[in-house]
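What follows is a pair of complexes built around chain A, which joins chain B in one and chain C in the other.
After this line comes the complex of A and B, so read on.
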């Protein structure tokens, strides 16, 4: 028996983060909170969602449990939930999950977890640069880049952090120096990424949220978003595009 | 306009004047009643949509009408295809794509047939205007018609009747018929006259061709997504009608990349060489390709091939268009070219392929970075 109550914004954002890559995922209800992770079918990006126990208004897990959820459907339903609404998630047996908000009770069949694509190993990554900035600013940069190009370069050196995109006749440079960044270790790194993925990732972020970027050289990037007043941690790992020699 | 000034002296740099060639093969048609076969073939225009010109293509003098609409059998030169197609008269009548009247029903029955059908109709007016199009196959003169009748029974396959009568979505109908082994050309015709789908409406032929390529392509992509990658690189090639195809498939996640090289003097690029590229990953392609309908026509046979071998991979298709292709014949040139290339493939040396690949930019996957 699982019975948890959580703020509407937290659960809505968590499911939104997952549906940016996959439509079904395994939810692990653990002692310390809810954990889920998945890779997209092309194996290019991974999403890791963690809602710690403290972020729930109530959290009762009699026994740690893993269930398979059609996240697409659940997210569709949760779209109508307001930020401040409370949502109750209840699993009484293996077969169904109940999602209650206001006077609505939504019941959805669970999926056999073994029928969902195997969960990825989290790659061990050696990423020298650490950049922390306002997620809203980051979102603006990605959305602007999307207008002109299908890939962007993330670059950092002692002068700051850069996002660069080049179209056929135009280009965009986003630059933040040490003073504007929340945290920065001045390390040099450079990798190129597909905007198609990034623009999906930034959808969960708003102004005031924080994103932590771990960047390497022609290496996957880790983007850690602290959203919903810090109650939710969403981490994305995205494989780079490797340039011509 | 240079053509008016030049009058066939080839000032444009093309190898032959498409207008003159077309004129030479043109058949004369006169006002009056005719009884002739349709291969079957149909044309639905797009100008004035939703009120468009639609009607059968009528074979004026040919003893094998089916051949006139069977691109997979065509061989030879651009001129040979033009000669074939010019013997087809485009019958047309103004139709609202949403309206179903006797004319539309008759047209549907004729088009659903897998053998040629003798038809009878009145020719009201002859319109002489050249039709050149990158997606469509060429056609002869146009004629306004009325009183369309079939004078023999069409031969309609059971599976087509099923799709026609059942409430089946267009996308499901297209997939069902394709998996049953019907050619894309036949499915496109059915799609165009509005036999597929719950809300039946006619679709301009030009749109229907790309729509069918795209629907089938996207659904095949979902099928191959879970396959293992090819083990070794493969290289294929084929050339017809002045179009040279080279296809390279290398190990990795699925991606499709089309590179088009229009050599100086080919139809759309008389003055200089032109190179265009477009690509996609396993995700649904969002925007219509800058390379036009040929992009989707090239992608489909590649996906068919991958499904047949049960593998996925990174696919690069290079289409080089030479001046021999001085008049556009339609996207079937691409679809058949790629299909034929893949049917006679050969493996190549890994090192050679590695060398070619280094000039591309590649999306890495997470497994490239996982330590075992």
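After this line comes the complex of A and C, so read on.
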């Protein structure tokens, strides 16, 4: 038996983060909180969602449990939830999950976890550069890049952090110096990524949220979003584009 | 667990495929590992011959990650564009949580199964999207499979390297079945396995499924266990033709039913090829039977009583088959019926004819059917036989174009008639009326403007208008002129 109450925004954003890559996922209800992760069908990106116990208004887990959830459906329902609404998640048996908010009680059948694509291990990556900035600014840069190209270059050196996109006839450069960044270790790194994925990732962020970027050379990037007043941690790992030589 | 999955080849050694295909594929993979991008492969061939198995075994042997999009996934072009489009240009995060860099030869094989089978209706630009994607030179190995590669556009095929798979022989299938039996600890009679293999018609997957259905839970299988439930293997219309014309075996009815042709199409095939095979009395008898079958088809069409199809099918297959005294020897090259082609060719002409009848119906105020059965003959005779003046007024009345006249009376007379119409300014009655009405209204308006203050004259005008109307009415009388 699992019974948890949580702010509408937190659970809405968490499901939104997952549906940007997959439609079904395993939810682990653990002592320390809710955890879920998945790799997209193209084996290009990974999402890791953690809602710590403290972020719940109430959290009761009799025993740790893993359930398979059709996240797409749940997210569709949660779309109507207001930011300040409270959402209750209840799992009494193996077969159903109840989601209650306001006067609505939504019941959805659970999926056998073994029927969902194998869960990835979280890769250990050696990424030199660490950049922390306002997620809203980052979002703006990605959305602008999306207008002109299908890939962007993330680059950092001692002068700051750059996002560069190049279209057929135009070019965008986003630059933040050390002063504008919240945290920066001045390491240099450079990798190229698909905008298609990044633009899905940034959807969960708003200004005031914080994103931490771990960047390497032609290596995957880790994007860690602290959203919903720090109550939710969403981490994305994205494999780089293969650059033409 | 399905044996088909359980015994799917893990490595290239286990794959049942001709040596040259395997060598080709291995070369292709090695080039990829060396960092030289290759054209995507297109595996073409009937189902169950190991297309997907070979692709999976290849990835396994080379230690590549696999992204497989198969027919069972709910997929459309949009999904494919997104997943394949991203997958082929990016590095890989493996399921094991490892980052695989293509520079180190750690690649990801994308398998796009049954590309000829993706719903085309949903998105017409879909194939184009795949073509554009291939033109951008994928950075990761990509294998497409298709049962019917010719359902794909030439452009798509030319962007891939096509490898054709043939049906497996009975011996090849028996070998695999024996291996599975020994792995499962089943004692199998070789003849039983041969029966299964033969029945599968070169489809290994089908054979393994059949074997599992028969053998699962048993320790031993004998020949008697193999109930010959004939697998619906692909037969084609040519095989059925052969059976009808060359043999006396009534099983042909069942085979004809398996064809992907409706009885209405099949009868055309038989009709087309019948005279190539039979002659003399046989031919006569066969056509009598065939015409009876056609009568049944007619009844089905009229009454929508599809139960009668059975009789039609039986007559056109077994009926025609039994009508012969002995089959003609030698090989006959059966022909594709040209009826459909003719239908297309004559569609244009038919359409014009329909227009003609429509015009007659409209202008003589009767139904099209009546126009065709009662009126058409008279009109035609008038146009053909009557002297030019009358014929021309008829033509003008019905407002036939020169093209239509040409169909009815031949080009020469059509030209003469049109010439006459132009010269004498003949027009359709209604048009005359319209022209007249317009004239009148114009006149009235003019006069109204002139003498607006004189109501007296207005009355007069009304009178005049009436007079004119009378004149109009006389215009209709021209109808009688034509047929008087």
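As a working rule, the second predicted complex is superposed on the first by the 245 of 245 C-alpha atoms of A that agree within 3 Å, B and C clash if a C-alpha of one lies under 4 Å from a C-alpha of the other, contacts with A are read in each partner's own complex, and residues count from 1 in each chain.
Going forward, a residue touches a chain if its C-beta (ideal position, glycine included) is under 8 Å from a C-beta of that chain, and two chains touch if they have at least 3 such contacts.
As the structure is a prediction and not an experimental result, all values here were calculated from the model.
Enquirer: Using the superposition on chain A, decide if chain B and chain C clash or fit.
Expert: They clash.
Enquirer: Does the superposition put A:123 against chain B (first), chain C (second), both, or neither?
Expert: After superposition on chain A, A:123 lies in contact with both partners, chain B and chain C.
Enquirer: Can A:42 be said to touch chain B (first), chain C (second), both, or neither?
Expert: both
Enquirer: What is the contact status of A:220 with respect to chain B (first) and chain C (second): first, second, both, or neither?
Expert: Both: A:220 reaches chain B and chain C.
Enquirer: Which partner does A:240 contact after superposing on A: first (chain B), second (chain C), both, neither?
Expert: So A:240 meets both chain B and chain C here.
Enquirer: Where does A:18 make contact in the superposed view: on chain B (first), on chain C (second), on both, or on neither?
Expert: neither
Enquirer: Of the stretches 203-211, 329-337, 347-355 or 365-373, which one of chain C hits chain B?
Expert: 347-355
Enquirer: Share the list of chain A residues that count as touching for chain B in one structure and for chain C in the other.
Expert: Residues 39-46, 120-121, 123-125, 194, 196, 219-220, 237, 239-242, 244 of chain A touch both chain B and chain C.
Enquirer: Contact residues on chain A for chain B in the complex?
Expert: 39-46, 120-121, 123-125, 151, 192, 194, 196, 219-220, 237, 239-245
Enquirer: Could you please specify the touching residues of chain B with respect to chain A in the complex?
Expert: Interface residues on the chain B side: 225-226, 253-254, 281-283, 358-371.
Enquirer: Inside the complex, what are the residues of chain A that reach chain C?
Expert: Answer in residue numbers: 39-46, 118, 120-125, 194, 196-197, 218-220, 237, 239-242, 244.
Enquirer: Which residues of chain C touch chain A in their complex?
Expert: The contact residues of chain C facing chain A are 65, 67, 69, 82-87, 89-99, 101-103, 108, 139-140.
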